[in-house]
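In the two complexes that follow, subunit A is the common piece, with subunit B as its partner first and subunit C second.
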Partner chain A sequence: MAAPVRAATAPRRTLPLLGRVAAVVARRVLLLAVLLAAVFAAVELLPGDAATATSERGESAADVAARRQLLGLDRPVWERFGEWMTALPTGDLGTSARGQKVTDLLADPFPNTLLLAGCAFLLTVAAALALGCWAAARPGRPADRIIGHAATSAFAVPEFVISVGLLLVLSLWTGWLPAVTLTGADGDPATWTMLIMPVLALVIPQTGWNTTIVRGALADQAAAPHVEAARLDGLPTRRIILRHALPGAVPAIATGFATSTGMLLGGTVVVEALFNYPGIGGVLASAVASRDTPLIAGVVICGGAAISLVLLAADLIRARVLGARP
Partner chain B sequence: MDFTRRQVLWAGGAIGTAALLAACSGGGTSAEPAATGGKPKKGGTLRIGALGRAGAITRDPHGTQGNESDYLVLALVYDTLTVPGAKPNTLPRLAASWEPSKDLKTWRFTLAKGAVFHDGSPVTAEDVVWSLRRLRGTPSGAARLPGIKAENIKAEGADTVVLISDYANAELPLLTRLTTFVLKKDTPDSALEKAPGTGPFTLDWYRGGNARLVRNDSWYGGTVLLDAIEVTMFETPQAMANALLAGQIDVASNAGAVAARTAESRKDIQVVRRPNDMSMPLVMRTASGPFADARVREALRLVVDREAMVKQVLSGYGTVANDIMGTGDPHYAKDIPQRERDLAKAKQLLTEAEFDLSRTYDLVTTEDISGLAESATLFAAQAREAGIKIRVVKQESGAFYEKTWLKGDLYTSYWGTNDSVVFFASKTLVSEAGQNEAGFADKDFDASYRKVIGTADEKARATALRELQQIEFDRSGYLLWGMADGIDLAAAKVQGLPTLAGYGRVQLENVWLR
Partner chain C sequence: MSNAAHPAATRDVPDGPLADGGTDTSAPLVTVTGLSVRVPGGPVLLPPTSLTVHAAQITALTGVSGSGKTTLLRALLGHLPAGAAIASGTLDVLGHDIPALAPEALRQLRRTRLAYVGQDPGSALNPRMRVRQLIAETATDPSERAVLGLLREVRLPTDDGLPDRRPTAISGGQQRRVALARALARTPEILLLDEPTAGLDPALRDEIAQLLRHLATTRGLAIVMACHDPELVATCADRVVRLSAPARARVPAPRTASPTGIPDKAVGIAARSVSVVFPHRGGAQHALDAVDFTAPPGSATGIVGPSGSGKTTLLRVLVGLHRADSGTLTLDGQPLAGTARGRGRAHHRRIQLVPQNPLDALNPSRTVSAALARPLRLHGGLARDRVPERIAELLEQVELPADFARRYPAELSGGQRQRVSIARALATEPDFLLCDEITSALDPDTATGVMELLQRLRTERHMAIALVSHEPHLVAAYTDTVHLLDAGRLTAHGPTATLLPEGGALHG
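Then we have the complex of A and B:
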């Protein structure tokens, strides 16, 4: 999703900032619309439909047909897609296959997922920058190599393996942390300690990924003339990395973090199920199981909007940095 | 009757010989306590986990419930006319008693004295009639109240409800055990979420599948001991079991065999087994195809190694069955000898029937419930030992119900109501049954069935019921190798948990904490 960025920034540097933002936003919105169309089409291709998936075993074929009509499934998919899309600007995400409003079904889970993914994102950024800079300051030395290997392996381990490991060690063996998230009357996790393990399960692989990117971007910058000059001037390593190398590495790093958002939100589906965290991952899984197109589309638009915002921010950062240093 | 397809089916059940009639307080309507640890004590909050998915949340008591957690909350807040029991399998609840007419078509239900809604207003026959008609009007209404038209649900005075069936039906009260939740007359759909019920608990709050309920001190059914119940919805049995192991919940409802095995080693966890919870029969088409010859079907029944199936498919949490559906029925024919594996006889029958052993036969299955696909695979391996080549074909649930169910030659099915032989006879075995899974049409069976549901005389009825089961054992389309236990996990302090199969597990009014 980061691909169109390059085209959007460099040649149109003359456009005022607002115009550039508008162009990028328009592109993103169009992309989301295409994605939603793909979602509608994909659900259509799955075997069965919402009428059969949510019916009871005692129902006759006539009952299922009646429900199919009730849910509007007897109409062609583009008609349903069009209807859903026209209602979208008013904030109406439609009705689930079981007759609940999609906005109601997402009202608690979506903020919960944003909280989880947001915490994970901030921690990832902090940890990856710290580790990446630390390693870059000691090129080729043991610390650099250890961080490099650790980062690669952390990214290679799937979230659920990390989750199970955390669960065993931090909860079931030691009893330090609650094993699952319980939700109170307000729809939020009952205590903040319930967030620790799900966040860690997301942070560890993403930190691995981003540390590699930070380290790599800084290595590229190390060869740049102005960084070379700073080194020859005998400036302290810390100052060289933070003041001279890092600014130039920002575009690459920002893109890396932006790509992480997608992977973080994807990872929540797995992590939320393992820790019973009340987010949109669980909603999405059950919506797919019951072929509940409006609900799936609702999750996609929420997740897509969140990812788009982060990508937009990354685009702007790149545009600003590249614009300042032609 | 209410059957959700994907989730484990909710249904009433009776436990077998181990069950003693409960010394229930008050209305005497409840399940037996699983364990007794002294004198029941009042007070405390029970934290219970139940399976459910955020996208499948339903708040309508008469809606299509896909979540066990939602169903649990509904069953604690609202009462049904009758509830499952051990012996007999139908016990009174909101209906204190019932009486059929001579022709067994008209049934009069008398409402329990002193039954009031949570807002204090008394329950009238009008409320019940409105609720039952509302239930009848849902898309699955015809399956939930079979044979009873909406206009044939009537009030008679303030406390009698009359149901008139289109045909004689001695088992009609059994049909009112599951989803006949009673609401106040004219409750608008918009007010459903907070509509007062009559049940042992009142709703404190509900949010996103989780809920808190508090004791209803004026419940007509007896004294409720718990102060409150907190229900937490879990997407997976694993997370639910972890929550129990970590002490975050007190009961993991319907946690399954895998979780039970994990918990067996922990002394502070009780594993509550509820026998006859789930049947996973193989269906062999009797109407046509390669299994239409009764000898072939018998051969397949002789091929299966039932002990091995229970041990491997159910991890030992189950019992061997005898090809008769409805194993938890108090009238289940225990005297019919257990069919054992006999490969020699099976081969002989196949030869007599000129069964084509060179062909490979498809056995279609799904992964709707745990163990189902495994049962198919193991059976295929066992059949190979008798020279029958079976290929297991896994279908996605939606495709299965569209293409295979009720039509296929050989497939796996599953049922959650297993405490009534007549239930299966009427629903899946009599020739005109709407869900005749094997296309079974047998004149003798139909005759026995009609005798059973049309006879009021207990003795004559018992004889006919025995006949019916013998025919089912001999030549129906079912190969029922075993029954899975329902498994709940609970902390040691929890007492009085229900041990009934299926739907019986939601009867928490007698639970107390030590």
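Then we have the complex of A and C:
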């Protein structure tokens, strides 16, 4: 009798799902707006403004005041924020303190950063799943313990320490890779080998974090009755993990990976600076130095949109997996 | 009924080697000789048992709960409960010495020749797989035709979409048969079943019995089933092995000298014309009005009555949480103080209460081990390093895994919390366990599980149980004598069998 009832409710369940997705997106957009307001306020609170920060030696106070007026800095911050926000839906991210379009300034670095963080994300997912499953297949044995300790230590070490270590080993001692990213004529990294060290510097701590999550989620599942039954059915360990334990662990794992994207994008700022990688990390650093509010906001909105998308994907995965089990 | 067609050579074999009848021509598939299982330094899970199993025969393991039926099945499967070990005897399954078998060889054996279906097959099916995937996964022949054939063999319909459903979308009886099909898919030589008809209605039970009979005959399958149900045993078992409850030597406690040396003639805990009056809207309400109560050592006493009849108040008076306005309490003929504060530690130890709602009774911010450690340290005077060991034993006694010690109450199910609550009461090794509606928050199956547990503990520890319950059928099934209360008065008192016939309606 249960089946017809379920069949009847199934079509109704997809509609609320779409509705829920829309609601989640709306909430994220609102959150992003609040975040941007905070960015405007924070830059305002920093000492100095774009006009003084970009002033050249020997400029008179009148010149600075004139540029302040040109940049609209003489108007209150909420007015500038409102103006910037109303232009946003048209894809206009405003004009930087040096008079360039923010979209143009981000056009090259943002894809570079996406490439760096995306590669790091994919590698992290693959490595964390592989290591977590490998450890879960050998509960309590040396491999499990070594992976567990290594994962914790990797996560505990900050990116810049790992970066310095990588530079020492892969560049200074062995000379396999150049210490800084060389860019080609178009401003992108000259060869793909330039990506290796920045990606590794991001992947290592994030893999540590996610391996711990994968291992823990699998351990929870290992205690589930159907996993124990699969073991008593004499199924191979690999099949038990991949087919019986992992699907139930997916929601927790997806959430872990999604939170990683934030840390990955944050990590790029440090890593890009260390490796001189042409990404938004460098743009952000110089934008903060020159109190360039529209440029900072542009970087924040790009990063925020990327993180929101990944979080939404994780939520959808969770909804899908949990939906299969009423 | 096709069951009449086979000669049901039911035999009752007490402890000791099973004398093989001359009818068995084949070599036995399973030979168990004098096997006993225990937790080292702890309880015996399976008293010495012998058993032989031949092809095409159904062997039923019977015996009260806790007599080791499941333990024996798990020993055959090479999967003993955590912490348990084989204490004596040998175990040969399909020519393999199971305890000495390497993990990979054991896995192969389970994968190809030996199948097990546990007590709760519904939860043992992966909720994310469809029925046809579940069966194809273990099948020697995973083809569509073979899978549907297996489903038909266990009398499941294959033309109404059932193969494409997930376990959560089929009924309990269907789940059981899917689990059976999954076990049969690997064409095993031995099928181990734990309570194959638990929780099924009689019609379904007969169907399963016929099915098992049919499988044993057509496939030459040796079936070993742990079974509670005399009807099922009668209709389909070829032979019966009755396991007796392990005569469990009490775990030697450091202080055996004190109150355990009470002679059996002792009268236990008794209340004589106890009255409790609550002031109520200016007047007075008699929660208890001159009530008498007795619970001899090792007895099981029910306290039954409608809401507000004073059942809980009576327990609170007995345990000393509420002082009676008049009347006397005695323990083994000696006067018992009216309040817990006035009682000695020995009395606290001997009389323990399991409150109604375990979630309220367990501190949410303390782990199970912390909850159990306190009474151990307080009453057992246990050295600090012995405490974890004793906690593991207690959890074992209430059939919870030892690693539950690290959990918080919120991480436990209702039944598990109730078991922890019972374990906490057991920590002091009480002689009288007073249980207040301990099954009211639980579903029927879990309730039965908890009651079976109490029953087992009572026999093993010679502990008296007083059971307050709203559910007459549980009282009928698990107590010897019953006190009927109504509006604070004792209306009847006597053997459960006469006062609560058939576990049905209350005749008070």
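Definition applied: the second predicted complex is superposed on the first by the 310 of 326 C-alpha atoms of A that agree within 3 Å, B and C clash if a C-alpha of one lies under 4 Å from a C-alpha of the other, contacts with A are read in each partner's own complex, and residues count from 1 in each chain.
In this text, contacts are C-beta pairs under 8 Å (C-beta built on N, C-alpha and C of every residue); 3 or more make two chains touch, one makes a residue touch a chain.
All figures in this text were calculated on a predicted structure; none of them were measured in a lab.
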Three-chain arrangement built on subunit A, subunit B and subunit C clash or fit: fit
Which of subunit B and subunit C A:C119 touches, first, second, both or neither: neither
Which of subunit B and subunit C A:P236 touches, first, second, both or neither: second
Partner, of subunit C and subunit B, that touches more residues belonging to subunit A: B
Partner chain in contact with A:V269 - subunit B first, subunit C second, else both or neither: neither
Superposition-derived angle with apex at the Cα centre of subunit A and sides reaching subunit B and subunit C, degrees in steps of 10: 150
Touched partner set for A:P225, first subunit B, second subunit C, both or neither: second
Which of subunit B and subunit C A:A289 touches, first, second, both or neither: first
Per-pair minimum CA distance [subunit C against subunit B, superposed on A] in Å: 48
Residues of subunit A that lie at the interface with subunit B and also at the interface with subunit C: none
In the complex, subunit A residues that touch subunit C: 1-3, 6, 225-226, 228-230, 232-236, 239, 243-244, 247-248, 321, 324-326
Subunit B to subunit A touching residues, read off their complex: 1-6, 9, 53-60, 63-64, 66, 139-140, 142-144, 146, 204-205, 207-210, 212, 232, 234-236, 238-240, 242-243, 245-246, 248-249, 396-399, 401-402, 434-435
List of subunit A residues in touch with subunit B within their complex: 46-49, 52-60, 63-64, 66-67, 70, 96, 98-100, 105, 108-109, 167, 171-172, 175, 178-180, 182-183, 185-187, 272-276, 278, 282-287, 289-292, 295
Touching residues (chain side subunit C, partner subunit A) in the complex: 77, 79, 106-112, 114-116, 118, 120, 123-129, 137-138, 160-162, 165-166, 168-171, 182-183, 186
